[in-house]
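A, B, C and D label the chains in the order they appear, each numbered from 1.
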Amino acid sequence: MQRTIRTRRLVTGTVALPLAAALLAGCSASAPGEQAQDTAPVIGGTLVYASGDAEPTCLDPHVGGNYPQALVASQYLESLFTKDAAGQIVPWLAESTELSEDGLTRTITLRDGITFHDGSKLTSEAIKANIEHLQNPDTKSSTGYLAVGKVLQVEPVDELTAELQLSAPDNALLESLSMPWSAIQSPDALKRGQAVNCEAPVGTGPFKVESWQHQQAVNLVRYEDYVLPAQDAGRERDTAYLDGITWRFIPEAATRYAALQSGEVHVIDNAQPDTIASAEGAGLGHLDAPRPGASNRIELNSSKAPFDDAAVREAFIRSLDVNAGIDSLFFGTAPRSYSLLSSVEPLGIAQEQLFSPDAAKAAQLLDDAGWGERDAEGYRVKDGQRLSLDFPVSTNQSVPAEQSLFEQIQASAKEAGFEVRIQLLDLSSWYGALAEHKYNMVSAPYTKVGPSVLQVIFHSDSTTPAPSGYFANNAQVTDDELDDLLTRAGQTNDAAEREQLYAQAQRIVLEGHYVLPLYDQQNHFLYGKDVAGMGATTAVSSPIYYDVFLTN
Amino acid sequence: MSRWARIGSTLFVLLLLLVALVPGWLAPGDPLAIDPAEAFQSPSPAHPMGTDESGRDVLTRVVHGARDSLVIGIAATALGMGVAIVLGTAAALSPRWLDAGILRLLEALYAIPSLLMALLIIAFTGPGVGPAIVAVGLSTAPGYARLVRSQIRTLRHSEMLQAATVLGRGTLLRVRNHLVPNALRPLLALITLGVGQAVIWASALSFLGLGTPPPAPEWGAMLAAGRTYLHLAWWMSLFPGLAIVVVAAGATMIGRALGGKVNAA
Amino acid sequence: MSALISVQDLSIGFASDTVVQGVSFELHAGQCLALVGESGSGKSVTARSLLGLSGGSVAAKRLSVLGSDGRKLSDRQWRAIRGRQVAMVLQDALMSLDPLRPVGREITDALPHLRSRAERRRRAEAILGEVGMDDPARRAKQRSPELSGGMRQRALIAQALVNDPLVVIADEATTALDAQLTALVLEQLRAIKESGRAVLMISHDLAQVAQLADRIAVMRAGRIVETGPAARVLSDPQHEYTRTLLRAVPSGVPRFTPLSVTERHLPVERAEPSGTPALVATNLGKSFSGHQAVDSVSFDVPRGQTLGIVGESGSGKTTTARLVLGLQRPDSGSVSLLGEHFAPRRESARRALRQGLGAIYQNPLGSFDPRYTAGALLADALSRGRTRRVAGYRAQVSGLLEQVELDPGLIDQYPSQLSGGQRQRLAIARALAPQPAVLVLDEPVSALDVSIQATILDLLDRIQLETGTSYLFISHDLSVIEHMSDTVAVMHRGRFVETGPTAKVFGDPQHQYTRRLLTALPRFR
Amino acid sequence: MGTLRWAAGRVGGALVVLWLVATAIFIGVRLIPGDPAEAIMGGPGSQASAEALAAARADYGLDEPLRVQYLMFLGKLLRLDFGTSYALRDPVLGIMGQVLPQTIVLSLLALLLAWVLALVFAAASLRATRVGAVLGNAVEIIAAAVPHFWLGAVLIMVFSSTLGWLPAVDNGTGAGLVLPVLTLALPLAGFLTQLMRDSLSTALASPFSLAARARGDSRLQVFWRHGLRHAALPALGMTGWAFSSLLSGAVVVEAVFARPGLGRALLSAVLSRDIPMVTGIALFSAAIYMVVMALTEGIERALHPAGVDS
């Protein structure tokens, strides 16, 4: 059975559903207790989904490319590859793939018999059209653009086969192509122009976009000609159980949770830590799907004082005890991370001892670095300059619990003599503050499948701003040795060497005290008692509602 | 104003001033001191108003927050009043065409609802306490300005001013001795009403993430932060909320006692 | 003939206050009973108790209203009486008709028993016609502020009479009306009485009551102090208070004869007017958006003398006063004060002259700065606006208070805390502070009770005799003008239609308008 | 003043006001630090490409002198062309068409409810005992002093989470409107109650009410025929203000209850620096205010022809 690539892991983990389609290692769903695991699927019904994210401005995840787009696009778009339960990249819309000896030609063969929602057939032309779409500056893609950055051109060989010419070997290409931000859309639909395509992208997924009532809901309906790229003996039919999904946006966390409690919505995302704890008591389901790529961390800007001094960076990190705060604020839903990478990334390494709090050592380091004096308010000073740290925080990207954690960091740092100046900013101003280098520390989540995210966020190339002003290397790490390690790690064909190179690279960053890892990028979903079949996700941990049905 | 209202409101104002000026006297603790192990404690003798998500004492924060909240309310009202007195007086004493022009300007200011105005200003300036004060102040100005204008116009043609004219009082004396003090008298009541409303609007901006930055113990920001935990820790939002309500309600009562009407709020 | 209304030993209380006590009277068909008293005497509450609307707790040995025992009626039963059998006409039609509703509706409201709307409307129009309203159908659709004073008053009467009630209560129905409207109302009430129904007239004004009442009951402090046939009460009052009230009526009382009991008799010796007149107005004219409010008005006020201007509301009296006071610029003509050119003139140029001219208004409260105490007002006037502290002017302030017979203890009171009479005295004191040669008095006693009015008029008389101040005295009240003026000018539609010595104008009116006015002047002496 | 002249004056005045608002916004946009083209493309966070910025400059005539830009801007507004929202990529006019009715319905229902509540409370307070009056007074003052967002959160917690009586968010039935309308209406009702009680008691103590009772009207009839109108008049005069405060409240309430509408559109437009949307919303809310003012003034004129002169 081909569907073995999709298995399901349950935390309360008893029986895997025969039809379960969990893709991702580390994602776990605790199902409502009373719900029988072997309930026969019910066909029909519209699931109401409530997202806490800001409403996307475009439903095509090629455009821009953020997580909220991925969450909804995972229902109507599919990628060439995906990730199985063991964390291995496996074909999805693709049937097979080969790499040339020199690592510069990637051949991808598509599955036969798959059609887009507009009725057109999935062919190798689609690969070409989509990659070119991502690379077109007018598309304004940022995430997908980077993912296919090494692709020079796409050559359709026959109806189902395409050859990708690369500028350099890229062992992360398949991981990149597994993400919704590089998902495959109908070439005909892409030609309609961005305004139209943004309203209703056309893909191959189990649902299609019926309409988008701005500020209200995206209405998805079942795609009746859906062909499951992998065979599943457990399914009598390939189409989704649900008639459709109403995708709503309810930014206010308490309202979202209240709506779930009263049964007005079936699934909510961005669940607040405190409600997760009470939801399980209330018989609601919980899906914990940490995002791949980087862990959630605070990056220390090493390009300007005072964090240009590694000792000050270490002193800052040693002066903080964040564990107690994480425990109380996240109610045990967010285990502490000591790694640069998400816990779902097998190549991540953790070095706990580097982050253990040590106030005495911190004080010593600061005294030695010349920050021995303190001013009237208790902050350390050097040459009349206060030890101040600007900390812009995006209210869109940091949930309240995280903002509170930052406040606690601010309070603890004050004891050690640091003045942390938190600025709560909207996304636009936050990007602006980063672009103008008005920060000493920042928390900027980055989701990507695979360890190649390290390249994006720590290679010195990423300190050069794009024309828009954005750069992903917020810690401003510029280290030739690190650059070399990352480049080689990204190009090697040898899995063991790759792992070893990435480990070395991570050690350099960790030991340089450039970042303070906090926890995985949180991705918690709560769902009602009448929702069954939750658990399957894409490679970036966005849930898929293909297997989901409503029991009443 | 009845005797009890007078005594009550005087006591209220004194208490508020006391709390704002020497918060340490009522709540000796540090409003910013965190203690994650003590997070989300319900009200108890040790923490009469419980603790918040970082284990900070809510009572201490409410007491220390009085200053920030009141400063916002008072500064915004003062700004609004200042603009209003200038524009309102100018309109009332100007020739017809200028009066009409100022009136249109006021109407234009008035035509944009307060919070929309605040958001507009913030769209141009970015968030923060300063913009919040300016926004709330400016958006309340037209209401006050109209009152000043109508007050002055009414007074200008009142028998009181005529009597002063008949008694041979010159313009300066009429304006200084009668017109200005009597025109500003009803504003006095409105100032108190306005402070209460300004505190509420500022808290709305905090709710929208555009007000006082954390961790300052400003009531609106505390209320906004606490509402996330309404299910878990009602005390986090109840007490700062009560503080706002008490100040706004107290201000309303004093304003009413001083003879203010709600219409120009 | 049995009484339509019979009241015995009526007491009405509010909380702990008893405002009416032991009142008894009867009202018969075809009869008019007048309850006379000053404000606070309990007369209105007594009248309202006859409709179950006193609002207080009512106790009586007998309270029979058209055969029903008013002590036992439920609100529902009362409502069957109100409007149908006993109706009420209130003071001031502007306030007694809802300004937001067409008068026709106010009338049809009283006709719930008529089923069809058209029928109600016909009845309403019919009654409006009966009370002398022209074009009733159109008037019925208008609201009271759109109607002229006369029309409004007619509508008010119409809404009371629409159900042909057996008893009509007229509660101060003529107070503050000018002569013609008063005549109109009295005429209507007379018609009611003569049609065999009963009228209960509530008034503070004995003179007016005299024209209609068959019996008079004089009330004071909640009790009836004297009751009897009208003629007897007026000609031979038994009770001291009745005599006080009668004496206070200025109509037909010669100049300088005291109206109030407290006033000592004044020496009636005045110097003949000599020299330039204190005030001269020449050919004054003023129009407002095409309406000629004052038209070619000329007069002079000799020193120590009083010119009375009498006219109905809207006749241009007040505008004349404002022109004289320099509060409005005349379109034509001029005013001179003590021989000096006063108006039209630049304010700064005539400011010094203003010391010679004072003014008293109908509502003194409006002319006081509410932030000033009585003492401060006088200090302000004495210091010409330099200070409001009494300290430096204590002697002069005391002198002024004494002059207007105000208790020096009131010096720290705010005007709003004073009674109407006290306020007017304070206003006079303030006006006298700069020792003016001329006082312009615009309806100075119109808002006052008769006995208070009497004391104020006496005070004005005395001041004129003592100081030789000239008065320009403006009023709608013929009897006040008659009593106070040396010379009278009758104003009508912006013009002086007749001017002359008081005795001549009142005794031998030349102009037909004057004659019409004078028919409304109550004479009972 | 004739009705026609009044209407003409109203329309003219409204146009002047709209022009002032538009001009203020034009100036404001130019005062934003940084590149207006970047602001137009959604601020520094939009990662707009250089080509896109150049296109925006050309589109909006940013290369032209300021005077020309201003005239272009006014010209577009005159043609009801508010431009395209950068964030939503739709014409602003179209978005307004979607969100405006939502907010207007919400605000009108809240206004209506506030009126009814205020009248009921005002009427009830007339007959209240001393204790009741003090209590009612306290309730109305507190109601007027409660921030919308907190009230909304509490109402959701009580009626949706705990009791499960009412939905927290719109579920297609009218029930979803109940809590948002209540949240908006209660503070306003607090204000209006104070206002109406004063005018109601004045009206019911007036001679015309006594005259009506003397004609045989019952208390209830007097209340309906006379009290109501007089209570309504000052509250009606406040309608412009009330509606404007409701629009303010709508920003918060729409965020709390996840309702689409003008307020939410404005909030997201402000956060994403979507200047055409901001402009459109400001002008539309000003226009709504002017319409509401004209309507209430018209009603006032009808109710009380002699009273409107200020």
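In the analysis below, a contact is a pair of C-beta atoms (placed from the backbone, for glycine too) under 8 Å apart; a residue touches a chain by one contact, two chains touch by 3 or more.
Being a predicted model, the structure only gives us computed values, none of them experimental.
Novice: Applying the document's contact definition, name the chain pair with more C-beta pairs in contact, B-C or A-D.
Specialist: Result: the pair with more contacts is A-D.
Novice: For chain B, which other chain has the most distant CA centre?
Specialist: Ranked by distance of C-alpha centres from chain B, the top chain is C.
Novice: Of all the chains, which has the CA centre nearest the overall CA centre?
Specialist: Centroid comparison flags D as closest.
Novice: Could you give the separation in Å between the centres of chain B and chain C, each centre being the mean of its C-alpha atoms?
Specialist: 47
Novice: What's the distance between the Cα centroids of chain A and chain C, rounded to whole Å?
Specialist: Their C-alpha centroids are separated by 87 Å.
Novice: How many angstrom lie between the centres of chain A and chain D, each centre taken as the mean Cα position?
Specialist: Chain centres of chain A and chain D, defined by C-alpha means, are spaced 40 Å apart.
Novice: With chain centres taken as the means of their Cα atoms, state the distance from chain B to chain D in Å.
Specialist: So the centre of chain B lies 21 Å away from the centre of chain D.
Novice: Where in chain B do residues touch two or more other chains at once?
Specialist: Correct list: 227, 230-231.
Novice: Please set out, as single numbers or ranges, the residues of chain C touching at least two other chains.
Specialist: In chain C, nothing touches at least two other chains.
Novice: Would you give the residues of chain D that are in contact with at least 2 other chains, written as numbers and ranges?
Specialist: 153, 157, 161, 255, 273, in rising order.
Novice: Quick one: which chain pairs are touching?
Specialist: Touching chain pairs, listed by label, come out as A-B, A-D, B-C, B-D, C-D.
Novice: What residues of chain A sit close enough to touch chain D in their complex?
Specialist: Contact set of chain A toward chain D: 50, 54-55, 57-58, 64, 137-138, 140, 142, 194-195, 198, 213-216, 248-252, 254-259, 261-262, 264-265, 396, 426-432, 435-436, 466-470.
Novice: Where on chain D does chain B make contact in their complex?
Specialist: On the chain D side, the touching residues are 13, 16-17, 20-21, 24-25, 28-29, 31-32, 138, 141-142, 144-150, 153-154, 157, 161, 191, 194-195, 198, 234, 237-238, 240-241, 244-249, 251-252, 255, 263, 266-267, 269-270, 273, 275, 278, 281-282, 285-286, 289-290, 310.
Novice: Where on chain D is chain A touching in the complex?
Specialist: That would be residues 42-52, 87-90, 95, 98-99, 153, 156-157, 160-161, 164, 167-169, 171, 176, 255-258, 260-261, 264-265, 268, 271-273 of chain D.
Novice: Could you list, by residue number, the parts of chain C that touch chain D in their complex?
Specialist: Residues 48, 51, 53, 75, 79-84, 87-88, 90-92, 95-101, 105-106, 109-110, 112, 143, 145-146, 156, 159-160, 169 of chain C touch chain D in their complex.
Novice: Report the residues of chain B in contact with chain A in the complex, numbered from low to high.
Specialist: Touching chain A from chain B are residues 32-34, 36-37, 39-40, 53-55, 126-127, 209, 213-215, 225, 227-232.
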